[in-house]
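Quick heads-up: structures coming right below.
Same chain, two partners: chain A is paired with chain B first, then with chain C.
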Partner chain A sequence: MAVANPAREIPGNRAFRFGAVIREMARRPSGLVGLAIVGGHVLLAVISPWIVPYDFTTQNSHLVLAGPSPEHWLGGDHLGRDVLTRTMLGGRQALVISSLGTLIAVLWGGSLGLVLGLIGGKADDVVMRVVDAFMAIPWILFLLLIIAVLGTADVVLIPTLAFFYGISVIRISRAATHDVTARDFITAARARGERMWTIVWREILPNVRDVLLVDGAMRWSWMILAFSSLSFLGFGITPPTADWGLMIANGRGYMAVAPWAVLAPIIALSSMIIGVNLSADALAKTLGIDRAQKAPV
Partner chain B sequence: MFKLILRRLALGVLTLVMVTIIVFVGVEALPGDACTAYLGRDTALETRLAKCREDLGLNQPAHERFFIWAGGALQGDFGISSRRHKPISDLVQIRLRNTLLLGAAASAVGIPIAILLGVIAALTRDRAADLWISTSAIFAMTLPEFISATLLILFFSVWLGWLPGIVITRPDAPVFEFLQDIILPIIALAFVMTAHILRMVRTCVIDVLASDYVQMAILKGVPYWQVVFRHVLPNALLPTINLVALTLAWLLGGTVVIEIVFNYPGLGRLMLDSVSDRDLALVQAIALILAVLYVGLNLVADLLSLVANPRLRTMKV
Partner chain C sequence: MTGALVEVNNLSVGFTSAGGATLAILRNVDFSFGKGETVGLVGESGCGKSTLALAMMGFLKSGLRVLEGDVLFREHDLFAMDNSALEDIRGGDLALIPQNAGQALTPTSRIGRQIEESVRLHTTLAPERRRERVIELLSQVRLPEPEELLGRYPHEVSGGQQQRVAIAMALAGKPEVLLLDEPTTGLDVTTQAHVLELLRDLASETGTAMVYVSHDLGAVARVSDRIAVMYAGELVLQGPAREVLRNPAHPYARGLLLSIPKLKEAVVPSSMPGRPPPPDAVVQGCAFADRCTMAGQLCCDVSPPLVSTATGEVVRCHYHEKVENLPPPKAPRQGDGRSRDLSDTVLRLDEVSISYAKPGVIDQILGRQPDVTPTVDDIVLDVARGETLGLVGESGSGKSSILNTIAGLRPPRKGAITFENDVNLNAPVDRRDTDLLRRIQLIFQNPDASLNPRHTVAELLAQPLRLYFGLDAGELRDRSIALLEQVRLGSHYLGRLPGQMSGGEKQRVAIARAFAAEPELVLCDEVTSALDVSVQAVILDLLMELQARHNAAYVYVSHDLAVVRAIAGRVAVLYQGRLCEIGPSSKVYSLPSHPYTEVLLGAVLEPDPDSAPVLMAEDAVELSPPARGCPFQRRCPHRIGTICDTTKPPWQKTGDGHAIRCHIPLTDLERRQRRADSARRP
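Moving on to the complex of A and B:
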């Protein structure tokens, strides 16, 4: 085995590579912590409906703003609902919506960026001007603008988030494509007389894919953040569904008497975002992609 | 060089024109209009809808309305708010002042601290001080603004009782009346801002420290502090001016959230209220104003980097 760079192994052997990347990430302490947190949250999101101690909508008058007790470990909220139950369930919406949103964003932004990077010319110029203009709108404004007109159902939120965050993916993917097409191994492939399609599929895509994976991981954490912020502002999830952003917003008014009702979802949401960030960082280091040179958004 | 500046200006204006079109078309392309939003889609009677559209001038074709809207916006006239029955420019003006006040105060606090901490982190790279600063910065950057702001309120106003947790001053009160209420919002905004900027400062300083001329100065035996102040800082901090302007622009979104958490009467809260009321004309106007701020800051960043880095001036355009 004389493979100099493990990140450039035989393309096509994806299942093996995925496991290898995860193992490599877990070798870093921060990566291990990040993966463990993300894994824990995903697991909790899947099994929580079966393991929660109480019903998440049941209001118990004895539990209104009650402190932690042996029966209710995290006390009750302002409507007398069990905080532990709601915290365990509160990440499911954020997780599903942000994962779907990220997947769609990376797919559409990534492929458009790839195509633009390859063809260049007038089309590239025009689209990049539009991209610049979109990036001049702060994210929250854009989301609120859409929500003002269309409302906040899941069918609106997912495409809106995916559309907006996909626009910045175009830039990343286009830059990565430009980066790769200037490399020697592309010139070599051209000189060998490979067909255009083969070059794109075998040489360019695997390299751009790594950049997009890292970018997708970062974008996932931004999307969780964006969704929770919307939810906090009252534009995400319809009550009484449990959601961390909404729980923090509702609990805020009773912080003086029942801080646990705010602290529990804060800790849950923060740990999820930090876990995703640590994992994204480890992924970037594992794939050998320098995240520092990338601009915010 | 003047050609370069002109080109940047032209690009900025072009971006703004595009934003204007996006904001307008965005609202236009989506189902419903200001009248269905105002009256409610199901309950609105046809006659009332027709009258409302007549009043707001929605009967004209879209491109004509666009030019009327954009032309008015250019003169600072954004039309009339359908909910509040007031000229939008009057509503927006005082809120814009408040948002700028918050942003300016947070920058005045945050930027010097960020530069100081960033330089300290870079000089003590990978040692205790750097690890503490860098790790806290990552936490401050990753936490959503509404969480850090809520925690600040919990600690400083609920538990310690030092500072008011929400702003209750009238929106149009004179600036000095805000000063006490505004401390926590400033800290919340400066917190995120500091984290972003200090990381950039740290990277820049580390890059310069590794450069040949700094190594040369150290080898020649120039005293450490002289190397830091004469050789490293001037070269490291100039490029960060550009980054600072970009970061400020990027943080506009966070300002909106912080205004809401603290009940601060700025543009962001007005925007949120107008979204809740489905007051589309007002939403459009605020989106455009914030985009102008963003593009303006980007332009300033570009021009500052031209001033700071003479090499860019002779770049081929």
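Moving on to the complex of A and C:
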């Protein structure tokens, strides 16, 4: 008998390799579109200071609420600034703050959830009640309070956002850990006499990592939205820095006369969020977390 | 065949892989049966038996499609029917009894309502007559007090009763065909015997044709007129049950039968080398050729046709007439018959009791222990160096609890555990020193759960080596390769993840991981229960070999008496967390026995057309042990009176370390058992 058995790829059950995951994501339509959008936005954020056609603060009285023209593709805003320039620059702050914020949120929330899930008992009970209490508070009110007291510098915004988003990460990570701790390989590790740190790091983390990654990707898009909401309310970014949330807030009064000044940042912001969401969705499917995707047999 | 009820013609079923190739799960299956026939469909996991059974209902799992052939039910093609026609047939004329009845019943709906629904859908009974019919169905499956059962929820009855409820539901439409997918696999030995006897009776009472899908030849042997054996998606052998079990004309069926441990022989059965080809393998010639000892060039080139033999079997083998004279693929290994120096004790348990009861808040404040009957009580055991002690009992008998307590995962409530005569093992695992941890290792039932799915074999083996011996990277690799060799795996397995290996390979890695610690005591928790029989034989053989090499003692927990007979020199029988009988296995497996041992041994099913199980005690499941007296008092067939309820029975010794815990004097017990035995087997 001749048996040809090509090395079989088992998705979701192989060692994690970044390149392989990105390639697998790009094979799905949602992943391809999502990655392209996010990649485009990141690239733009990095190189925009060098390629913008005008200065983002220069006010041109001829351009006040002017419509699109060959010189100014997206027209001007209420102060006569070039909308295209400001839209191209407007995502930089949001991207940096939300990326850092998400990273910190997943790190602290994820590790706390992991430890709580493993040790359980009284400490778990107490911390989870505190978490519940925090989740009951409308975060935006709390955020406004902190910002009102401490100001809107990045060093305030990032930890504050990270703190509030990390709280819901605790729940996710704790639940994912519970899923793993009941399995025999954790019992085996305990019976072998492994230290708790080794069990968390080597036995549990590799099994909850995928969940945390996908959750982090979803949270990233929410954090971009949260940061833009703050800017919209006037708490995020100090003018005249270009920012989508701020641009939408400033332009909305002139929506009837100069819709492009609002539409441009809205499209930029929503495309960014949709891109991140699509990528997160494709990531979940690639890693095999998404249950809706059926196996061939 | 004309007049067949269900006819499967040249059926191939497959799916399209991610790579775009068409892969077949079933290949050119021809199968049919007529009214009132009972057919067993046997094969190891992944051979396509469930797919075939479901296809006989016109159902395919999502992603699968018919590649060629058809399935006829009363000469109508099931796969050509529309959905509403199929719905009329399914559940009505063709009923399925799923493997896990506990999951198949709706947990939030009362049993009465669920069965009534089937009655409503598949009969034309008037609403007021339905209740009567439901009760009739429940009594038909021998459920006690059916009226009272109507109002219960599925979780309020035992596993065996759930299975009976599922059978009652399937019978509601008075089906012509019952398809049973592993109907007794998750059940205890005694319950399994009861359910199978019930099915046998139902088949003869109602004249329903039954198809049993099972990996267990013993179970199938008891209930089938005809047996069909599947291998790698093909039907390789079909014939009258007696012929298939006695003189199988296919080498695979023969190997399968030889790899089943027998109750009467203390030998590890002979094993078949190799493993079935994966579904995506391109098969040319006979699928079994690379595992077959008599395969020739013809087998590798030409797929064998189905031929009929003189004994009425239909077989897919070029050399079927030679099968009878084949030597076994590997000679059976003699069991643990060596006499050991029992004074060299490795492990001693002295009046150990284990309780899962948690003290309430008030008890905690007052420092009181809750006054409940402990789950496991009064365990006195010792294990000598290099010997295997089998621990036998049904689910809930406390076998695993005892192992966990020895491993330090759950400290005992009372009693003393000592290791090597002087080391106290009452301490939990985090208070034991590294060397002590190293000397006691655990192997789990299911390697899917006990191996971290994210670790490669190299990482899995490195964990104990690093923890206990502090090896560096180069030494780790050499030691890991040596360990893999001991469990007969090549060094190329180092880079594999658990998901890329078969069940047997995974369990070998788990065994290698335990032996990496160079243990003196290995605790084996049902290590072969999740494996196919042919793989089980290999693992048992491997365990014996490793024991001889390392002189390690095993405590081998299992519900399977035949497996324990094959591997253990001494056996302890547990019921409800209490010891009933202990001694050398030759003594435990012969009379006189503790009544519970007798019940257990009677319920064992063997792949022998002439062996019938002996049903003695009720198969009612007890949830908690009685507070006083003999633990087996409620089910004992030999109960002698109130003394059984009130007084703890004494240990009666017969010599050779064999002891039975029973009030009945041994000579009397043996006489009763012999009389019962001869009355049952004329």
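Methods note: the second predicted complex is superposed on the first by the 257 of 297 C-alpha atoms of A that agree within 3 Å, B and C clash if a C-alpha of one lies under 4 Å from a C-alpha of the other, contacts with A are read in each partner's own complex, and residues count from 1 in each chain.
Rule of thumb we're sticking to: a contact is a pair of C-beta atoms (placed from the backbone, for glycine too) under 8 Å apart; a residue touches a chain by one contact, two chains touch by 3 or more.
Everything numeric in this text was worked out from a predicted model, so none of it was measured.
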Inset, instruction - Could you look at A:S98 and tell me whether it touches chain B, chain C, both or neither (first, second, both, neither)? - result: neither
Legend entry - Which superposed partner A:S168 touches (first chain B, second chain C, both, neither): neither
Inset, instruction - Kindly classify A:E194 by the partners it touches after superposition: chain B alone (first), chain C alone (second), both, or neither? - result: second
Inset, instruction - Using the superposition on chain A described above, determine whether A:T160 touches chain B (first), chain C (second), both, or neither. - result: neither
Inset, instruction - In the three-chain superposition, say which chain, chain B or chain C, touches more residues of chain A. - result: B
Inset, instruction - Answer with first, second, both or neither: which of chain B and chain C does A:R183 touch in the superposed model? - result: second
Legend entry - Touching partner for A:E203 - first (chain B), second (chain C), both, neither: second
Inset, instruction - State whether A:T85 touches chain B only (first), chain C only (second), both chains, or neither. - result: neither
Inset, instruction - Please work out whether A:I140 is in contact with chain B alone, chain C alone, both, or neither, and reply first, second, both or neither. - result: first
Inset, instruction - Please identify the positions on chain A that touch both chain B and chain C, taking each partner from its own complex. - result: 295-297
Inset, instruction - Spell out the part of chain B that touches chain A in their complex, as residue ranges. - result: 11, 14-16, 18-19, 21-23, 26-27, 30-32, 37, 138-139, 142-147, 150-151, 153-154, 158, 196, 203, 246-247, 250, 252-253, 256-257, 260-261, 268, 271-272, 274-276, 278, 280, 283-284, 286-287, 290-291, 294-295, 298
Legend entry - chain A - residues contacting chain C, complex: 1-6, 8-10, 13-15, 183-185, 187-194, 202-203, 206-207, 294-297
Legend entry - chain A residues touching chain B - in the complex, by the definition given at the top: 129-130, 132-134, 136-142, 144-150, 221, 225, 228-229, 232-235, 245, 248-249, 252, 255-256, 259, 262-263, 266, 269-270, 273-274, 277, 292, 295-297
Inset, instruction - Enumerate the contact residues on chain C facing chain A in the complex. - result: 15-19, 25, 61-64, 277-287, 289-290, 299-300, 407-409, 429-430, 432, 434, 437, 441-442, 444-446, 449-456, 463-464, 467, 497-500, 517
